[in-house]
């Protein structure tokens, strides 16, 4: 029988136990703390992190926020020293942690570049994304096992990238898990569609919440084939924009010089919409990693679409746990050095949790194993569609299929993901290389260059690849780039 | 590309045009009129009926209701003389009409009985149900064609039985149609589950709306594998009831003597739950037509499960258009001979229409072509699951699959339905007989007896089977029961 | 990757080791011995049987045959006392043994009859066939395990009924097995088609070998949709026969009084051909167990089609190992009491083995897991189609699909088979009952009667059902027919 | 019902009518004439060609050959002026013609090269192959229509490239056609495997006929996962060769300077075998068009694998109908200027035709719509596997599936082919461009460069693309490379 996601016990809104793995986070944890303080839920949060001190700081911050008058909900925070302690009896588990340091991300970007692959983000697919998956998946398999032991029915929210790989690994390891993969990209598309409704349809107050889409695909490569704002079909407007000035802008490196790496000019989106008739629903910088035409050539060819490449310097800076503006905030807020105002983040976590606890019906996009919500992608692959959340249940909404060419693109990536997931179950590095080799970015290399690239990346990150059989790998043995012998 | 159900234009809540085919109805039309008068929608209703006078009477009643002070919405009613007139420009179409007279239903029940088939209702599957489908499907193909011409984007609500056959025929004829098949049975199950929650879980105020289920199957043969009331899992309670006195009652004909034919003691439901681990979600009298063990034997064997057979005398009386208590009501209400109080029916029609017009998110069970919402039944077969209704869109919720034995039962019926639908497209009576022959009820006959039964039914109803090629049929030619030559 | 059947080593025609499990057989073993003596293969045969004496007698007979001048091939025979000894290093394994005694077959026929089920053979499907499967499958799972240990690449020929259940069990237990299920029924159909070619197409010398068919289905329920004799299409002839006297004969019990239970008048075949347009390819007495219309009613209703019911007295007599005419032959031949003439049987075993050993290309029908040779039945179900045999390889021929109604019949039986096979893996009697309950013959009973029938059969045969969890069964506990507690 | 390939009438070996479309061929026709003269078949051949004079010359040659004493079979030849005349009543149709002149093939090679795509042959996939398909498919749709009218049951042998596109188009246009796509590549692999058996297994006399393979894929991209020579498993030998010197040779342009473009050093084959565990079964020059890693970089990178790029000068010379050595032969032979010796070609055409006419069982690789012979590629896609040929029937052999990464490569190409075939049915150039854009070779370009490449190719070949809607194409309108307006 196809498995339905179910929890035997609904969440009691007045007694929720949250286990937060990666609870030392500098940005997401403070946001969550504030969201919970203003929610309809009450309970306790256990923060667990490899960096225990960071978890303790966030626990202090959480309790500090709760001491404020404008904290309407009732929550307590504590940092736990073990994963098991955090998980035991949890109703909700948040997974949001990356142990491997910034330097690995630098490799993910820079090594492929030397082989001629100009990934824009290199974080969820392509050689960098696959390496990240290979480092992350074994750890998340362990999390899945721990969840199956300590809180088998808990609702698990995975925020860790690559979301499709990681969420798939959770289910592959523990098929009974109630895990959701979450991501902002589709929310961003709805946000932008609301802007178009305001600007072109006279809906002055339209917001993301007013925009409904039929969305489907895999994380960071989702597609929309219906979009409405307050019920009004946005398709004619989108087609007009695509064919007019908005959909046909070009950029130079100079134009983008002062922009953040997150700049999104939607020119990749418009071009894909023009070619295939359906609208991509992820940032352009992610799309180009999956629809790889746009990263062919070099920097200028990518910039032409209004996309900036994520420089490895950016990565190095922003992933360093030691320092960030955000860190300063928490301590500063508590010390009174900076004014604190309780604000709501844009996250849907609390919305989902409230709906699970019985507060009405909530619809949002989530990543779940395919049980039919997406046509023509294999069962069990983790796909992203809308889902409906109600008391004790999350159910994906059947979103249908794709134009054949889009289906072809999607299937290609699913094959890579599934190949790597299966390889990871055995720690079989040669099998993982097969998935690497058929990746759309890697296919611009000769097989031998692909092998060298792979070996070089593995060699550089070997300390984060302990779950893999490096010694037994013939691919590494063939390689001249690898110092492993 | 797998088709998504879509309407290019959302419904404007202040300007809705409803075409009601079968608008002379004595019961459903007055209910709809009252529901609309209390709804958040405004517009006009065009009533079309083969019996134009009945439509005119309902139009008068509709406008009479609107003249009352407690009618908060603004609606006008008119009866149209042609289908085209009713449909042109409609936003919503209601299909609820059966042209063939009561005597055909008498045949559907009595002729198979003479061959030893004790169908309890004989209205949606089995020899009687198939005959009804054969009479009804050609007409609804015509409706589908008319809709494609006059209001191709309209939302079409089909209430006509057999809902799976009829809704399938609408899509088979006009694949672009936005049609929903609607039925009460699952609502009845949720109603009963609410009662169990009140009686056994201390949820004193629980109602149908508090009960959520994961439901899937085909109309009148749907199954539930998750059920919650306000988020509380009902499964343990259901298992206890099944194993206790409630789930193990037996009945005699005498016990049921004073009961209506609609009596439902849930003993078939409990027995199927016991055997297969999932809970049927339709009235026992319908279930026994699909899970045919229960109609083996005779009257007492059926009564033992607390089910009464629908007598053909009941049919003859209740399907006669000329007279019914309900008719009297409308005239009596308008004449002031009977006191009128504006009441709400239990129908979900207005809830769905309001959600389509942008009033929030509504979830209910509907019959739609399978695009993946049900695993392991063929694509395009009309299946019943929950769907989510929002502004301008209805999307089925992915409900997963079935235990293998239940899947086997369902597939058998789908094969019959699909065989008959394809036969109807060509008017091929011999092909329809193949679907008849593999029907689970018919399989208790020898093939020659099945042929005679079929021929006799066709012969008796030939004037309602004009769309079929009776002359070219070898099955009829073989038969001694048939006077057609 | 879908598995291909392969042996790493081809059979060396001059050095073949055959393990014959059930080698004490009175009929099949002497035939095999004679066939091998006249074959292009040489080697040794190890006979293993629960009745070791029988195996020894056949070994003596084998060596006696080899001592004759007309034995052109070179074979030696020995009886082994253990299964392991027989299997170790075998190139070919023959499985043809049934341990449970004749009385179980009497139950299979007589107990269901008391409940109103008139199975004609009750040996491969229906309540009797399912019980036989339940007794046999656990034993054959053990054989599969032994083969995986002692001769993992051997070619395994399974002759034991129910062939579909048993062959499926071999693969379910040891997916790497190279097993073929073999049966005569399709050969019989080709034999009969050759007769029609002789009688109606003037092909005076046509034999079974001249007839080629496209065949597909499951064992004992196979269907032909192309048939040629020496390339001449037989379809027009078949349609003429079907519509004429040959295809429309009726019989009475009296007509059949002197016939053997194996009498086959093809009237079931013609009727199914008439109804569905494709030709069944198994004896009528088997067909009626799968196309159950023909066993509805009683003895006369079955006789009307020219089919005799296998009486349990016949079973009791012919399955008794102690005595049979055949036994006498072997001893008599060796003693010189009866004249012996070396003859060839009609079996295809030697033809297949010779082709596997490199002697050309051979095509015949075999039972294999579905890898695509049959459309629309599930993968891995054991299906019967033609296969091509060449040196070291057997590959099924892609035979396509079925008219929808025929597909519906086939799928129903596959669901039963798969349900029982999965139940057997766990020894779960309640799960097996689910497969029993959805069997087409059982569906003519009330569920409670079906349960009593099942319990009664299990109770009567409990000593052959040791692999099943009888104590834990709720079905038995519910039953009044069962003495197990 | 899944369609079975069938002819209602078997071929009468003494009265075969062959229609040869493209019968003016300089090489293949003389070969066929000689093969037929030595065959077991007799009849007449009608040669039809756009160049009627060429057909007449071959007819003269055919009759001249028949006048020789060593022509054991009895055949007559005539050239027909119309296609209809050639086809009417034909038992066998040979399709082997390409109307578009050599210059189009020059474009296919040279234009993509200017955009950086170094296709090695550019004839069956990639931009050049797709253009060739776009020129050829409309013509072959016309052939299919003509066959459906004049000889609907004929056996149709398609030799025209791209075989997968063209054979698919025949079935897409006339689903009832009995067409086979034929190609030499797998025969070449078997030939080479025989050589390895001679060289490494001491089978001194091994030939192609002794080698059997389990082969599957699409034309020019087929894979072998079992290979035997006289039943002996070749896999261990292949693995040894792969890992030794044979499988690890490198080449320079200089090494290949004197080689023909058809040189095949199997280094691509070994590398793919090394990476994926299954053995490709087509010439390396074809493989690199599908497994595009090998054409990344430039000339030296391709030469490194022992593959030469087909120069457009070669194409220009060898495809000119006006002149070739072969032409001279026929005239010279008939004039007595050159000695003629009746020889047999290596073609399987006569073997297949003889088997169809009842002469035993023949097994060879053919291209047919997928009905299950290949797992995990879509139904109806034209795939290549072995098939068994017998009197009046060709049936594909179920060959199973692929390792996931190989499946991913194959599916990608099937998506392109199916997209173009569907586009051709409507003459929709923009839809064809979608198939072009997702081609693996094209994906190394930016979308705009791909568009320009496409437009430039279309523009250059517009006179051979009359079946396409060039005026309505938005892709052409967007393009600056296209002079069409």
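Lettered A, B, C and D in written order, each chain numbered from 1.
Convention: contacts are C-beta pairs under 8 Å (C-beta built on N, C-alpha and C of every residue); 3 or more make two chains touch, one makes a residue touch a chain.
Every value quoted in this text rests on a predicted model; they were computed, and no experiment measured them.
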Counterpart interface for B-C, drawn from C-D, A-D or A-B and sharing over half of its contact pairs: A-D
Interface numbering overlap (same over half, different under half) for chain A and chain B: same
Centroid distance [mean C-alpha coordinates] between chain D and chain B, Å: 55
Between chain C and chain D, centroid-to-centroid distance (C-alpha), Å: 43
Chain D: positions in contact with at least two other chains: 403-404
Each pair of chains that touches, named by its two labels: A-B, A-D, B-C, C-D
Parts of chain C lying in touch with chain D, wherever the complex brings them together: 1-4, 6, 8-11, 212, 214, 225-226, 228, 230-233, 235, 356-358, 361, 363, 371-376, 379, 386, 388, 390-393, 395-404
Parts of chain B lying in touch with chain C, wherever the complex brings them together: 271, 275-276, 292-294, 296-297, 301, 403-405, 407-409, 411-412, 415-416, 418-419, 422, 434-435, 437-438, 440, 443-447, 449-450
